[in-house]
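Consider the two complexes below, in which chain A is the common component and chain B and chain C are the respective partners.
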Partner chain A sequence: MSEVQAPAAYVAPKARSLFEPHRIVLMLIFAGLIFCVAWFMRWDWLPRYQGRLVYGVGQTLLMLFSTAIVGFLFAVPLGLVQVTGPKPLALLARGFCTLIRGTPLLLQLWLLYYGLGSLFAQFPEIRSSFLWPYLRQAWPYGFTALMISFAAYEGEVMRGAFAGVPKGELEAGRAFGMSRFTLFRRIWLPRAIHRALPTLTGETVLQLKSTPLVATVTVVDVYAIISRVRQETFLTYEPLLLLALIYLCLTGMLVYAFRLLEKRIPTRGV
Partner chain B sequence: MDATLQLLSIGSPGWGGVLLAGLAASMQVAFGGFLLGLVIGTGGAAGKLWGGPVLRDLLEVYTTVVRGVPELVLILILYYAGTDVVNEVMALLGLPSVDISGLAAGIFVIGVVQGAYSTEVLRGAIQSIPPGQIEAARAYGMSPLLALRRVTLPAMLPFALPGLSNLWLIATKDTALLAVVGFAELTLVTRQAAGTTKAYMTFFLAAGALYLAVTLISNLVIGLIEKRALRGMVRPGGAT
Partner chain C sequence: MRFQHRMPTKLLGEKSVQKTGDASAGGVGNMAESAQAIEIRDLHKRFGPLEVLKGVSLSAGQGDVIALIGGSGSGKSTFLRCINMLELPTAGQVTIHGETIQMKSDGQGGLMPANRKQIQRIRTKLGMVFQSFNLWQHMTVLQNVIEVPVHVLGQPREQAVEVAEALLRRVGLYEKRDAYPSFMSGGQQQRAAIARALAIQPLVMLFDEPTSALDPELVGEVLSVIADLAQEKRTMILVTHEMKFARQVASHVVFLHGGVIEEQGPPEAIFENPQSERLKKFISSIH
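Presenting the complex of A and B:
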């Protein structure tokens, strides 16, 4: 910390180009590192597991998008009820969000899978029902846990977004004679989603990073495939490094896709 | 009901004591990891704001990678890599290899993860200090370190508090992930207790209640700290 510290704290950083000299050197060093990793570590298992890895990535993405979409559908009423709903419902929604956000996802998942799973098995009515073939598998529990968690976190975000839509816009809609539902559909919801979109990006990335937890209850995603590789090849680092790289790429693509989405939404006259 | 209470009792037939020991382990890791994260974060924020170009780029890589990879994967990598590196160094020094305690490894892992997030929180907080305050400190002739201690750090605190309290809550919940590497924290001992007694619901609900209690108590304490840190200030962001 030299004497440049104070001004540097508030001078906006210059736009920096990708190809400054020190960056080229850093890139060369990283390229060398990657070359060493590729050359000196064992990667001969890769072709054998290629197909399964692609399948695993697909499963991870399926888990991510299905839980995020269904979770978001639950999050909208959760947020709305907290802003305008009747008192008991609002309290209930708030309690639900606090409960889910206050306990670790891994614990919720194990509660559902081991707890609820063993409870279901005690009832002959459930065992003989048409749902049983599904309830015996792991993915419904993984899906439910991830979906509930996303709904709770996003419900909190939507609460803020609904509350933050300027009163004037809603009053203008009412002055046009819109019914409550039309007002909600045309103005309140789109404006709230627009406001929540940057946070939604972060929440979706967090959701992606939560998906490997379902592998602990035997759902097969890319993390589970890599665990198989580690058990069968007795390698520690190579599969994990590849896994980290896969998740980094997925995160990068997700952030990029959301940025495109954010750009598509017009921000005229804000 | 009586059977449930007996299962949860602190004494010998029950598993309550085991759960509480797990909770204590969880809290130790969370607290240690959070503190380590703060130290890394302070250094990281200083490096990002006032460091040279190379340091800045390296810190950018660190925060991007940690924030883009699932905590579970990072914990696995760092848990194995951390113990391996220590043992390699011990071997190089001609010392016998040591068994790293789960607690130390857990604190290290959570700290590295938290460090990336708190780097961003602290950097943002330092940047939102009104520039006039720092200029005033310099006009008084304070040395950079003195200005940091007397002006920048205290002035940054109100901006950093929401982010930091969030990080603390995340740290308490991230400790659960250490169950996957076999560290006996609350979630893992709960699963063991549940598996042994077959009373899955009882134990998972009890552990959930413990985690929730930690969160709620933390929220209370955070509220008190915020009230004190924000005394005499116009609420940032204005009244809602």
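Presenting the complex of A and C:
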């Protein structure tokens, strides 16, 4: 690294080589750990549960994406009315966000599943309706609880993002004859999402790690599978370590995907 | 007539150029009523207890370049923003090419648009350039320029891109067409903003202190683009602090003070032979 670079603010520092002494030492320690884990711990159960694990990961991802996408669709109006909506609607949205963000997700989930779920069962009208085949299962309650939670948190994020879009850019849109809808669709929303993306990354990662809660109401996700493994094999650490690894990988992929999304519109400073 | 040069204009604003040969173009008020590009009658604007505009009337013929000057707080920017209803006037009437913007009472002593669609349509004929550029930061320069033609005027994309690239070449930003605004200098951003305003083929260009947010060394490049537009006899209303520039390009100068037109006339008269005390003081404070 002999040449001196001009101190341009946004030029990323040169990537350093992987093979510097301190890195090699760290890598060796890590490789040793991996070896110990693989050699001294029991992994013979793994092939037996392979299929179920893959299924579990799929369920976890399905839960994550469905709740995040639907939740975000609710979050946009939740944020928007707080910024620009009529007073009663804005208060309603704010109240909803405060209520959901102010109570534990586990509590909401149980209230829905054990409360609402058993309430539904008492009404013959509901029991005989076409919805019952769904309502008697666990996943609709898990989905609803996670989705509502995501909507509330992201509603707050979107409120800030909508409010933070520079007034001048909206004014420019109006000055060129954009209708309210065009202005929203072409300028306000994309600009707000772009501003909120770094926060949304973090929130989605948090959402991923909220998904195991649905295992408490008998939805079978990867966490539930691992619990099953522990019960059947009487092993403690191995399944949990695997679970940690799985969530770590999923998080890594999520963050990477969001990075790509962010990079589509380069921003300087901020 | 100061600018007789007939610029070889290609696709840019044919409408306004057609009138260029008209010998009477230039003077304000000496044209037939029907040819007025913009006519503003008795405009009032009140912000709470503060009356910013106390009855301003102004008309611009085809090809006029009107410079609005005045101290800060004189209401010149507010006046400009009332023309395309970014600010809603408390009273008064705005007519663009013979079409009066319909307003109705808002029940609180002010006005509100009676017909939103009409305002949106008229706005697409007024090219506004802002002090702080206000380019859309999530779009490249080219996307900024084609945004309104494609998504508001409904032009086919290829055609809009073609026009936009010609405009960008003209303001010297063709190489920057795929750059994002936050990576460009203020001068470049403002030139892009001018290209964006030109892309709608406006009947009138409105400039709201286009160089006030620029570093001194970047002012020149923006002014030369604007001067170029003035030369091709484009109708423009320009709020500015650049007196030398106003004198060079304007066909008519309006001095606003305290919400009323204190004095107006051709640039020579305004700058060399000011009549009112306030204008004299203003001009001596500038020099």
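In the analysis below, the second predicted complex is superposed on the first by the 246 of 270 C-alpha atoms of A that agree within 3 Å, B and C clash if a C-alpha of one lies under 4 Å from a C-alpha of the other, contacts with A are read in each partner's own complex, and residues count from 1 in each chain.
Everything that follows uses one rule, which is that contacts are C-beta pairs under 8 Å (C-beta built on N, C-alpha and C of every residue); 3 or more make two chains touch, one makes a residue touch a chain.
Being a predicted model, the structure only gives us computed values, none of them experimental.
Student: Clash or fit: chain B against chain C, after overlaying the two structures on chain A?
Tutor: fit
Student: Can A:265 be said to touch chain B (first), chain C (second), both, or neither?
Tutor: Only chain C is touched by A:265; chain B is not.
Student: Taking the superposition as given, does A:175 touch the first partner, chain B, the second, chain C, both, or neither?
Tutor: Touch status of A:175: second partner only.
Student: Quick one: is A:189 in contact with chain B, with chain C, with both, or with neither? Answer first, second, both or neither.
Tutor: In the superposition, A:189 contacts neither chain B nor chain C.
Student: One more residue to check, A:213. First (chain B), second (chain C), both or neither?
Tutor: In the superposition, A:213 contacts chain B only.
Student: Mind computing the angle chain B to chain A to chain C from the CA centres, in steps of 10 degrees?
Tutor: An angle of 110 degrees, rounded.
Student: Once the two complexes are aligned on chain A, which partner has more residues of chain A within touching range, chain B or chain C?
Tutor: For chain A, the partner with the higher number of touched residues is B.
Student: First (chain B), second (chain C), both or neither: which does A:166 touch?
Tutor: second
Student: Is A:243 in contact with chain B, with chain C, with both, or with neither (first, second, both, neither)?
Tutor: first
Student: For A:62, decide between first (touching chain B), second (touching chain C), both and neither.
Tutor: A:62 contacts neither chain B nor chain C.
Student: Have a look at where A:105 lands relative to chain B and chain C in the superposition and call it first, second, both or neither.
Tutor: A:105 sits against chain B, while chain C stays out of touch.
Student: Between chain B and chain C, what is the tightest CA to CA spacing in Å in the combined model?
Tutor: So the smallest C-alpha gap separating chain B from chain C comes to 18 Å.
Student: Intersection of chain A residues contacting chain B with those contacting chain C?
Tutor: On chain A, no residue contacts both chain B in one structure and chain C in the other.
Student: Mind listing the chain A positions that touch chain C in their complex?
Tutor: Touching chain C: residues 166, 168-169, 171-179, 182, 186-187, 190-191, 194, 265-269 of chain A.
Student: Within their complex, state which residues of chain A touch chain B.
Tutor: 1-6, 8-10, 20, 22-23, 26, 98-99, 101-108, 110-111, 114-119, 163, 205, 208-213, 216, 223, 236-237, 240-241, 243-244, 247-248, 251-252
Student: Any idea which chain B residues touch chain A in the complex?
Tutor: Where chain B meets chain A, its residues are 46, 49-50, 53-54, 57-58, 65, 67-74, 76-77, 80-81, 84, 126-127, 129, 131, 134-135, 137-138, 144-145, 147-148, 152, 169, 173-177, 179-180, 187, 190-191, 194-195, 198, 200-201, 204-205, 207-208, 211-212, 215-216, 240.
Student: Where on chain C is chain A touching in the complex?
Tutor: Within the complex, chain C contacts chain A at residues 84, 86, 116, 119-124, 126, 128, 130, 132-138, 147-148, 151-152, 180, 182-183, 196-197, 200.
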